[in-house]
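Letters A, B, C and D name the chains as they come in the text, with residue numbers starting at 1 for each one.
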Amino acid sequence: MTQRVEEVPFEPRSVYRRRSGRISEIKYSLYLARKNPLVLSGSVLAIGSILIAALSGIIVDPRSWAFQYPPRYYCWNNPWINWHLQNIKPCPPGTPFYPLGADAFGRNLLNMIILGLPIDLQISFSIVISAFAIGVALGAVAAYAGGLIDEAVLRITDVFFAFPGLVLALVLVAVFGRNLTILTLAVLVVWWPLYVRLTRSQILAEKEKPYAEALKAMGAGRLRILFLHIIPNSIYPVIVQATLDIGGVILTFSSLMFLGFAPSPLTPELGKLVSDGISFVSQAPWLVIFPGLAIVLVALGFNLLGDGIRDILDPRLRR
Amino acid sequence: MKLYEYVIRRLVLMVFVLLAVSVIVFVITRGVPSPTYALAPYITPRMTDPQKLQTAVGLGIAEPSCPSWVDFTQSAPGCITPLYVQYFSWLKQVLSGNWGNSVIPSIGVGQSTWGLFVARFPYTAELAVAAALITVLFALPMGIVSATHNNKVPDHFSRIVALVGYSMPVFWLAFILQIIFVIYLTLTIHGNTFGLLPSSQTVGTDCALCIPNPGNINTYTGAPILDAILSLNPAYFWDALLALILPAITLAFSTLGALTRIVRSSMMEALRQDYILLARSKGLRERTVIYRHALKNALLPAITITGLILATLLGGAVVVEEVFSWPGVGQAALDASLFLDINFLELYTLVTALIIVVANLGVDVLYAFIDPRIRY
Amino acid sequence: MNSTPQLTKKNVALEVRNLRVVFHTYAGVVKAIDGVNLTVHSKELLGLVGESGSGKSVTALAIAGLLPENAEVLEGEVLLRGKDLLKQSKKELRMARLTDIALVFQDPMTYLNPVMTIGTQITEIFTGNLKIYKDELIQSRLDQIENELRQETDPKKISKLNEEKTKLEIKKQNSSGISKKEGKRLAKLLAIEYLKLVKLPEPERVFKMYPFELSGGMRQRAMIAMALVRRPAVLLADEITTALDVTVQAQILKLIKELRDKVDAAIILITHDLGIVAETCDRVAVMYAGNIVEEGDVIEIFKNPLHPYTVGLFGAVPRPDIEKENLEPVPGSVPDLINPPSGCRFHPRCPKAFERCPKSKPPLIEYKPGHKVACFLYGG
Amino acid sequence: MLSIRRLNFLGTITDSTLGELESINLVEARNVFKWFPIKGGLFGRTIANVRAVDGVSISIRKGETMGLVGESGSGKTTLGRTIMRLIDPTKGEIFFDGVNITRLSGRSLKRYRRRMQMVFQDPYASLDPRQTVRSALTEPMKIHHIASSKKEADEAAAKLIETVGLNQDHLERFPHEFSGGQRQRIAIARALAVNPEFVLLDEPTSSLDVSVQAQILNLLKQLQRRFNLTYLFISHNLSVIRHMCDRVAVMYLGRIVEIGNMKAIYESPKHPYTFALLSAVPNPDPTKRKEHEPVLEGEVPSPIDIPSGCRFRTRCPYNTEKCAREFPPLVEIEPGHWVECHYDIDFSSARRSF
């Protein structure tokens, strides 16, 4: 009935889109990404951190995390070597070979940060990917089946939403012991319901769109509509959420490690590194500052990327 | 459906959610670890084994037919009461207000868990409310300015602040603030250090840096600032306020991002709406257009987030409380999980779950008052 | 200038001269309006017809100074009471919207603020600008009292009304403003009067209702009341019946025709429906791709369309009363306004185009009194 | 009133009439109801029903265009969706080519889905935004196993796209790259991809501009001749219906109040609602202005709370006490022209009273 006459031709028939088709669509997205400073800086940070984490064993000596005996708290070539020896003070940043300084045991802080990165990223990715998979599967089933199944899934997520985030993880770790699998599961348990809700609402909205009905009228089966049309069309916000959550999971996981749930005193992890540095916070603040800064940069990278992707996929901007 | 009908339905649903939470917590805490954990607060080293077994039977954990304490600790068949029976007897106790005793050394072994929780909760509440207030006070203007100056300097600024707040680990920010204020600036007022509580109000926590505060403080509510106001003690008020500032700012900064983002996007959405064009076409002032027409519509999603933020904060900010030695429930929960004080963990989880569910309901009811379109 | 005697230069309400508007989009510069000239007189109903993308709504927004941020007015004048609105400051423009130019849009559901009552949305016009509207509010209430006194027989009520009258008259003499509370009360009374004027049943109740509680037709009436309550010199009605059912549309059009006689406004009725124009308007301007291609008296243009586009438009419309064997629409579609065709923008679709058309733009010339056309077939 | 072939209270067609209709009717709806329950209260009971379609019988003959006209909320789209089996009727039966398809599902329904296709109001929303035109056109062929190979499907798609007046370059593009009229052409091509016999056109031109609308209407007429299609054309635009249809059914609040040949309906309407609708349509001829003609007051009542007796009586200028009390009978006033009204009103003399 309603006829909305779009008067202003905002519709972008851009020069970049003259050659149409799927390839130009991707090209167009890349063009938008290049134009968007958020995505650019975000992807530099995110991809950079993934690369460093992947190559950490090659870039630095994996043994640099171990205690250096005898403690080399004196810095090489340090003019104030005697002063340091007298005060047993961790090596400050800026000393040759120790760009970020060293801790009280003489360990190179930069090396430790590089070695601490992989575990955070690995665990974060595995948590987000599992939560994503569970969420999309359950959300799709709930939204598409409807009725009792939907109700059941919703109520289960209700229960998990009522749990205070970190606390369920604390309880689980406390009860089941401190190993990385348990830690991962503990965070996953509080993380997956969000994806179920998000996917469900997306699919419900998508299901109501006329094209789904058009497909039904055409004779397409339920599964065909769901898998070939509705899920691909509703997945983008979930992907954005996943990108944003990689940073969030890193923060949560490192908080757990910071709070003392690390499996061993030698677990190479950034939150653990911060908590190790606390005893020296008044003499050697860099031991707290730099590992934390590393976390900030990694989390920021993924958050920027997620924000940017959201902007790019924003239909108002796009169509 | 009428509003009260809706609320009743939600309350019924809420009871089920809380029961489910209690089942999960109970199974995790009592079904998995050694059966002796649940007994820890009630047995002393001097007890003989039969006495211990008797205590276990009395608490409804062991079957009366269990031959010996050794059999019990080894979970011999027929010795441990089935979990569901345990659950119902536990539920009965809990509903009558008996949450058991504590085993946390830093808090006091053998104290009543409920009493402990009640003593600590006001601290958490004070911190949570302060942090939520700071969040709203900063996020609202930042989000609005960001939306009205889209893609200009104020927008970039507040987006960056929000993003950085989003990406910063709370424990790290807490230390950075402490390094700046306590170590480098050595800011002290009234002889008190920023971010640390006056010792007279701490509940047996490790508080080496706390400076004793003389003064007549009556504990009316248990929350330092409120007590200071109620006992008309300005010096103590300042001390308590100083102690609150850093932890509250830390918490607020971490929640600021989420709220700013929501306010910004919903405000932008509202400003894009047709009714804004009509309001402008009526010749209204830009101020009226933004603050009366757009903001009222944009407020709805912001309220949801604020409610959620407040609810999670009331559940205790474990990390911040730990770093600032803030004697709230979050810190106690951390200690409880380190010492496996299952009584406290159960109480804590259930209360926080209750707070979250109630907050959600509150937000939904508030919606109905703000948005005339919503009818339940 | 015009054939009809009452439409002399004296009561010109609004004049648009050579208006050119572009939109900066990241795809390029959209040349949305390219030299529009438009004159509308008081108490006249001008129809502005065209298809989507022809620039009719943009023209309305440009007149009201409400173009979005990415729009730019390259040149042109919008003359209202001898002043060029385009050259005025933001504040003066706002004042012009407040007092002289009112807009009514299509689909009032999205144009009315969902969380404010109809009443508030009308009265806020006055309560936010009490200084300007003081005299008008008091005067309108005094008129209302006069009317009521004429009908009232109950002596108690008469004395009450008289009391109010003297009070208001004192306030009117007084140079100081009126209190917010008093302003609100007067504004409410005025608003209800206008809700009655647009024939809303139970205006007092509608005053307190939210937009979602009203039906489409009622919302449209409320929006018209909102526009008229300011007594504007120009009323721009943008596709006001598009979202409505035919029967409700007929009611609203009837209302518009009645109001035209009651209020002293020039009404520009923007629509894509030729039937509505034929049914209601005095004069019509046909727009195509940012240009006015034909303008003139309704009967003249419908009887004797000159521009090939207008002819095509008529050929495309199915009639409710006559059975047409075939519709003869203009082939093709509206051009891309980022790279509009050179010369006459219609020439790529024009069946009668000749070599001159792509070369230069035809001016809008007076083909005969009361009928202007922009086409080289008719000179220029 | 002429010959009165009374139907029973709910308007079911008697058996004797059915026999003769069956052979020529391609699509038939018999006494179809569609009520949408409104849940409420503490336990989510059904507290009311939206009676979108409230006892409708309609038959569409092979090769004709049946128009279905009514205001928003009259239930015309719901009726269309019920006929297409997109939603299940609360009560009543749908026949396609003489076969009752009301209870069919799965594979057996799919066979009929191929023979009946649909074109929607909003062409952009009815196309999957992530699908190229080629993919959108070949998908129905895949679903119904029409093309034996990918190559064959591609060739068919190329032919189709030219049939609707676009060219093969358009096949690789996405829906958002087209204008409204082009999108509707694509949607029409997609409907034709499986060689249907019946096409439901649900307001196919109401979001389009006049000249584009005319192009699409011409295309639809041309396709009907070429492929021997049967149309059910749903629209609120009476001028378009007049241009397109052979027979017209007028719906008001979930019921068909008048049905008959296009000429009969437009030239001598018998139901006061039909007459009001027709007189409300603005005529693009300023010399025929309806200056002082009264218009129908009020708006369509809520389909939740339908007036008793005749549902049009709340707005009808001729309404009497009988209208409130009794359900109006469906009367055949001339062969094929049915009206649901208590009275036989002569509008030509009654023009002023409206």
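In this text, a residue touches a chain if its C-beta (ideal position, glycine included) is under 8 Å from a C-beta of that chain, and two chains touch if they have at least 3 such contacts.
Treat the numbers as computed from the prediction; the structure is a model and nothing was measured.
Taken together, subunit A and subunit C share the touching chains B, D. Relative to subunit C, the most remote chain by averaged C-alpha coordinates is B.
Just to note, of C-D and B-C, the chains joined by more C-beta pairs in contact are C-D.
Separation between the centroids of subunit B and subunit D, computed from CA atoms only, is 58 Å. Between the Cα centres of subunit C and subunit D there is a gap of 35 Å. Separating the centre of subunit B from that of subunit C, both taken as means of CA atoms, is a distance of 56 Å. Centre-to-centre separation between subunit A and subunit D, using Cα means, comes to 52 Å. Each of residues 72, 209, 236 in subunit D touches at least two other chains.
Residue positions of subunit B touching 2 or more other chains: there are none. For subunit C, residues touching at least two other chains, in rising order: 52, 107, 245, 272.
The touching residues of subunit C, when paired with subunit D in their complex, are 51-52, 215-218, 245-251, 253-254, 272-280, 298-299, 302-303, 312-321, 323-324, 326-331, 333-334.
The touching residues of subunit B, counted against subunit C in their complex, run 273-275, 277-285, 288, 292-293, 296-297, 370-373.
In the complex of the two chains, the subunit B residues touching subunit A come out as 13, 16-18, 20-21, 24-25, 28-29, 32-33, 163-164, 166-173, 175-176, 178-179, 183, 312, 315-316, 318-319, 322, 333-334, 336-338, 340, 345, 348-349, 352-353, 356-357. Across the interface of their complex, subunit C is touched by residues 71-72, 179-182, 209-215, 217-218, 236, 238-240, 242-243, 266, 276-290, 295-297, 299-300 of subunit D. Contact residues of subunit D toward subunit A in the complex are 72, 81, 84, 86, 110, 113-114, 117-118, 120-122, 125-132, 139-140, 143-144, 172-174, 176-177, 187, 190, 194, 203, 206-207, 209, 236.
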